[in-house]
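First up is the structure itself, then whatever we jot down about it.
Each chain carries a letter (A, B, C and D) given by its place in the written order, and its residues are counted from 1.
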C-alpha cells in the first residue's frame, strides 16, 4: 500500500480550490471571463528566470545522469503553473466538460486577436492529451438513441442542415448510418459525428441522399458507402483531431457489417472555391472561357459571383450549358489540385482528405443547389475516395512529395 | 469538417507499426525484452543537438511572440521520440494494458540497476497522464461481482492474504465494503482496492475483523469505518498515485450511505518497525528496557528479532508482559513520529497517511499475530484517523513544517 | 434431472407447426384472416360430447379422491383445443406480440357482430393470464428515452393529441412525468401510459398544462400531481385491465421522489356528457334553465348541441354567462353522480375512477376548449381525487352500496 | 382510457391482504404452516353446490349463446377461490418467489401422504402458467457471472457434485458451457441448468470430463457437445417441465456459436438400474451369467449388490473382466429398452430422453466410479443422442407406438 506521497493531500485541497473557481467562472459574464482568462494568460505562464536557471544547469551538466535530471527539471519549468491548475479540473465531476467550455469561451472572446494565445496553447495541449483518440468510444447513433442525443445532432449538424425530426429520421433509416465519437467523461456529448448513405452507386448529389421520398434500400444490397456529412461539435476542441480516425474506424465497422461494400467515398463540398474564383485575375480565368461567362473578367467580385450562380442554375441551350459546366469543372480541378498554402492544399476539406490518403475521384455538377452550396461551391460537390489499398501509399506521397492523388478523369481536366 | 491535418494519415500508419511491434514484444522472452527496452532507452531519447539549437533560439528570441514559439519548439525537442511512439499504443484496443505490462516488465528486468531509468521516466509520465485520477471510476466490489474479478482480489491482496473463497465472502458481507478504482480502458482490472469493516468501535486487531465466525453487524448500526487493507495491483503503475484519492472518495461514499458513521480510521501495519529496531544501538534501545528484554542489546540481529517475537507472544507473568508491551509501544511511537528520511517519515505506510493529513491515534498491542505481522511489525497495528475536519490542517502542517499529527495518548508515549 | 415427460418432445413439434401457421397468417389479407379466425372459432371449441361424459363421471363420483380427479378431467374438457394451440404461440420469439395483434385483427374484423365471441373469450383469457399486472414493468419515459419509443407516444396518445416533437418535449420536461407499463416479451411497446403534471395547485384547464410557453416549475416545489392523460395502446388487449394499478404505482413512485406532493388528482374529460344531454327530456332539462338556453328544450338534437357549444364559448354579459355555467355544471353533476347503467356510473371515465376509490372533487368550466372537448364534454373537465386515506373506504362503499364519493361542493350542485 | 372496472379497486385491497398473509406465513414454523396449508386445502376449494347449479344450467341451455355463457360460468365455478387468492401473490414484488417457496414447503410437509393434493394441484396449475417456457430467458453462466450466482450452482448441482470453486472453474472453462433458464420475476435464481463439455469425441466417462488436470481444448476444434449434467433447482416447481426445451435451445445456441459441432449427446446415469437388478429373479439373471457372478442368483439383495460392485471395480483376469462387463451391459440394455411402467420406460432418465426423441447410442463401462455411480448405475453411464434429423421421427414413434430408438450396437446386446 506504500503510495508515493508526492501529491499527498493536495488533491482534496485542489478540489475545493477548483470548486470555488468554477462557481465563480460559471457565474461570470463575458467581460469578467475575459478578465479572468487574461490574468491566467499573463500571470501564470512559465517563469523566464527559472527557465534560464534550468537551461544553465542543463548546459553545464556533463555526465549522463546529471544531464537526465537537468532535462527533467528544464521540462518541468517549461510547463506553466496554469497548466497544473487547469489539469486539476479533472478532479471535479464536470471538470472536463467545463474546461472544454472554457476554451470555447476563449475562442469566442479572443477571436483572431490572439491576445490569449499562450493560454489557448496550454488548454489545447491539455485537451489534446485528455481527448487522445485512444480514449474515445465509437457509438452508432440511430432512431433508437435518446431524443436528447438526437436533438443535439439537429443542433450540431454543420454541413447539411437537418430541417425536421422527419429529415433526421430519414438520415437514420436502415440504409443510412450515423456514428459518433464519445469521451467517457462526457458520455452525453457526441464530439464529432459522420453520416453515411449506403447506396448502389456513388452519389452525385446530396439532395438525392436527403430526399425523404426516395425508397429505402436493403443495406445488404449496397455496394457503396458515401460519407456525406461530418461535423465537429465542440468549438472548445478546435484543433484536436478526430476526423481522420473516425472515418477509418467507420470504414472498418461497415466492412464487418456489410461485406458487400466495395467503395468508400465522400460527397464533399468545395467550400473555398467561389471565394478563390473571385480573387483570380483575367489571365487565370480567361482560358477556354465560354462567351456566356464573359462577365467574369470584369465588374466587381460580388456581382460576378451572383451572375455566375445565376448562369449555373439558369436555363440555357444545351451547348451553352455544357460549356459553362466544362469551364467550371476545370477551374475547380485547378483550385483543388494546384492551389496551395505552403505545401498543403488551399481548400480546407481537400486538405483534410488528401492528407488522410484519399484521392479526388469526381467533380459533380449541380450536386448541391442549396443557397450555401451555390454561394461557396458553385453548386459542385466532389467525391474523395478512401481506397483501403491506396491510403497508405497516397498518404506517404502526400507527406514526402506533396503529391495529391486524383483519378485520370480529373487529371484530364487539368490538362485540357 | 475542417480537421487539422497535423497528424493526417499518421494514425493508420502508426497503428500497423504498433501492431507489429506488439506482436513481436508479446512473443519475446526476457532477454529479448531487455534488448528491446535497452534500445528504446538508448536510441530514442531526446536529441541533444536539437535541444541545443532550440535553447539557442530561445535565448536569442527578444519579443513576446518569438519567445513563445521558441518555448514551444524547445518543449517539443525535450520530449523524446520514444514518448511519441509509446503514446501511439493508445490507438490499439489493448494498447493501454500492454504499456502497463511493459512497464511491469521493465521494473522486473531492470530492478534496482537503473540502467533503463530514462525510459522508465517516459513510461511513468505517459501512464500518469493516462491514469489521471479524474479518469478513474470508483466501483464497489461485492459478492455480486463476477468470479473472474473476485479471483483477482484473492491474487492481488497484498496486506492480509485472502485464504479461501469463504474468507473472501466474509470480507464482502453486509457489514464490510470493498471499493476499487478502474480505468475505462481496463474495465476488468481493479487498479487499487480498499477493504473496509463497519463496526461499533475502532478495531484493535485484524484477526477479529477477519474472523469468519463473528456475527454480522447491521451496517446501519455502525459508528466506525475501519480501512484495514489497501492494495495496489499493478506493478506497471508504481509511482502513479491513487491511494489518497481512493480513501477520500470512499469516505464520501460511506458518509452518504451510512450517515451514522462518525469515525474513519485505518488499521495499518508498521512494516519497517522491526527492521529499524534491529538497526538501533544500545543507547536508543536501553531506555526503560525491561529485564525480560535484556537480550536485545547484544547478539546478532536475527537472533534478537526472533527472541523478541517469542517474548511478545510468549507466556509470562502479567507484570513482565506489561513491561514488554510498554517498552515496545514507546519504541514504535518513536519510530513512527521521529524517524525521518529527509523530511518524510521513515515508515512507508506512515508516510502515506501522514502526508494525506491523517493523524496517528493508537498503537494496538498483539493486533496482528500472523507470522508476517510479528516479523515486520512486532505484532503491532496502528490506527491512523481520517478526521474530515482536521485533514486539511494536518496536511498543511505536514507540508509546511513537517509536523506529524498524533493523539495525546501517543504523544505521552514519547515523553515517557 | 428426472423431468416429467408429459409434454415430452411436443414443444419442438409445436414450434414448427406454430411457425408455419404464423407465416401463413402474416401473409393473409383480411378476408383470409376472417376465414382463419372463423374456423378457429367454430371447429376448435370444447367438445360437448366429452364435456357430457366428464359431467356424468363427476356426478357419479362418490368419494373425495375420485371426485377430485373427475373435477380435473371436467376442467380439462372445458378448455378448448384452440386454447392449447394459442398458448403455444408463446414458444415463438414474437409469439406474444403476434397474439396481441391477432386479437386486434379479430376486434376489427368482427366488430360488434360477435360472431367470433367464443374465440375472443379464449384469446382474452390467455392474454389476461400472460399480461397479469404482476408481470408488467413500470418505466419512466422521458426525453432520454429513444426516439423510436417517443414516436409511439405521439401515435398512441388517445386523450389530448401530441401535435409536434416540441409539444412532446414540453410534456416530458422536468415538471412533468410520464410512466408506462411494459411486458418483458414486448419490451419496446408501452401497453398503457399516463402523463402527469407537477403543479402548485390542482389544474382547472388542460390547455394551461399543455401550453409550451408556461415557465417550468421546480418539481420539488410542487404540491399537486395532476394525471391529465392516460392512454391504452393495444386494441388487442381490450378488457385486460392495467389502468387502476398504473395510477397507484405512479402515486407510490411520485411520493418517494417528491415527498412534498400532497394531492393526487386527475384532470379528466366527461366524454358521455353531451350525448346524454341530448337524450334528456324537457322536464329533466327545464329546472333552473336560464332564458339564454331556452332553445335546449326544442328543435333537433344536433342543432341544440351546436347552439349550446356556441353559447358556452360565445360572448355574453356576465350575468348570462354565470347562469349558463351554473346550469351546465348542475347537469354535469347530475349526469356523473346519478346516471347509472346497472349499478355502475354511466360515464365510462367516471366509472373507472369511482370504482378505483377516487372521489369527484371539482367540475371545471371552460377547461378543454378543443373541438372534441366541446363536442363531447361541453368544454368541462373534472378532477377525480386519489386520496390515499380514502381510497379503500370509497372503493368499499362503491362495491357494497354503489355510493359515489364526491366533495361537498359537488354535492351542493345536486341539491340546488 | 376507459378501463374495464371489473377488478376496480380490488388490486390495492388485495395487495394489503396478501401482504399481511405473507408476513404471517414467513414468520411461521412448520406446524403453523401445515395448519395454514391444510385450511387452504380444505376450506377454499371449489363449491360443489355452485358447481351442481352451473352443471344444471349448462345441461339445460339449448341455444349456442346461452350454452357459451353457461360454459363460462361452469368454468369459473370449477376454479377454486384459493386459486384466485394465490394468483394475487403476483401483485407483490416477491410474490412469485414466495409461491414457489410455499409449494416447496407443501412438498416437504405433505410428502407422500397426499393430504394436500388438491391445493398442490392448484399451486402447480398456477406456477405452470406463470413459468410457461415462453417466458423463460436462456442465459449462459460463466466465470464472469456473479459469485452469488455461481455459489448457487455449487449448491444446486444434483448429478455430479461440485466439490470446490476450482472444480467449478474447470466446468466453466473455454471448452465447457453452462446454460440456465431464468424467470423475469426471479432474475437471480437459475430454475434449471445444464453443463456441456465440448470435445473431440463422445465422452465415455464423466471423471475424464471433470478432471481438472486435463488440457483445455480450443472449442472451435470440437466435434461433439456432451450434456453431462442437468439439474432442476426448485422443488417448488416439481412437475413444471423445462428440461426438454432447455436441451433444444442449447443445441440451437451451440450450433450457431460452433458450426463445427456434429454430434449432440448426453452422458447420463442409469439411476434405477441396480435397484431393478436386485428385484430380478433367477431366470432373468441367469442367462449367460459368467461364473464370477454366480453369487447373484442367491443371498440377500444388499449383499449381492455390494459383491457386484466389488466385482465391477475389482481386479481380475482379463477374460473374467470381459465376461462381467458383457453380462452387465446386456442387463442394462434390457432394463432400459424393455422395462416399462405403463407405456413409459421404467428408468426416469431414459423416460425423459426417449420421450424427447433422443436415441440410446452407447452403454459405457466404468464410466462413473463414484460411490453413487456404482451404487445406482453399476458404474455405467449411457449416451443418449440428440440427432436433429431424427428427433421428430423418434418422438412420433415413441408417442404413437412406444418404440424406443437405439443404435444397432445396443440392439445387438438385446439379441445376444
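What we mean here is this: a residue touches a chain if its C-beta (ideal position, glycine included) is under 8 Å from a C-beta of that chain, and two chains touch if they have at least 3 such contacts.
No experiment lies behind these values; they were computed from the predicted model shown.
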Chain at maximum distance from chain D, centres defined as averaged CA atoms: A
For chain A paired with chain D, centre-to-centre distance based on mean C-alpha positions, whole Å: 62
Centre distance in Å when chain B and chain D are each reduced to the mean of their C-alpha atoms: 53
Gap in Å, rounded to a whole number, between the CA centres of chain D and chain C: 43
Of all residues in chain B, the ones touching two or more other chains: none
Contact graph of the chains (line, ring, star, complete, other): ring
Listing of all chain pairs that touch each other, if any do: A-B, A-C, B-D, C-D
List of chain A residues in touch with chain B within their complex: 1-13, 46, 51, 55, 58-59, 68, 71-72, 74-75, 78-79, 87, 89-92, 95-96, 117-118, 121, 129-130, 132-135, 158-159, 184-185, 229-232, 239, 241-245, 248, 268, 271, 344, 348-349, 351-352, 355-357, 391-392, 394-396, 398-399
Residue ranges of chain D touching chain B (in the complex, touch as defined): 143-148, 150-151, 165, 169
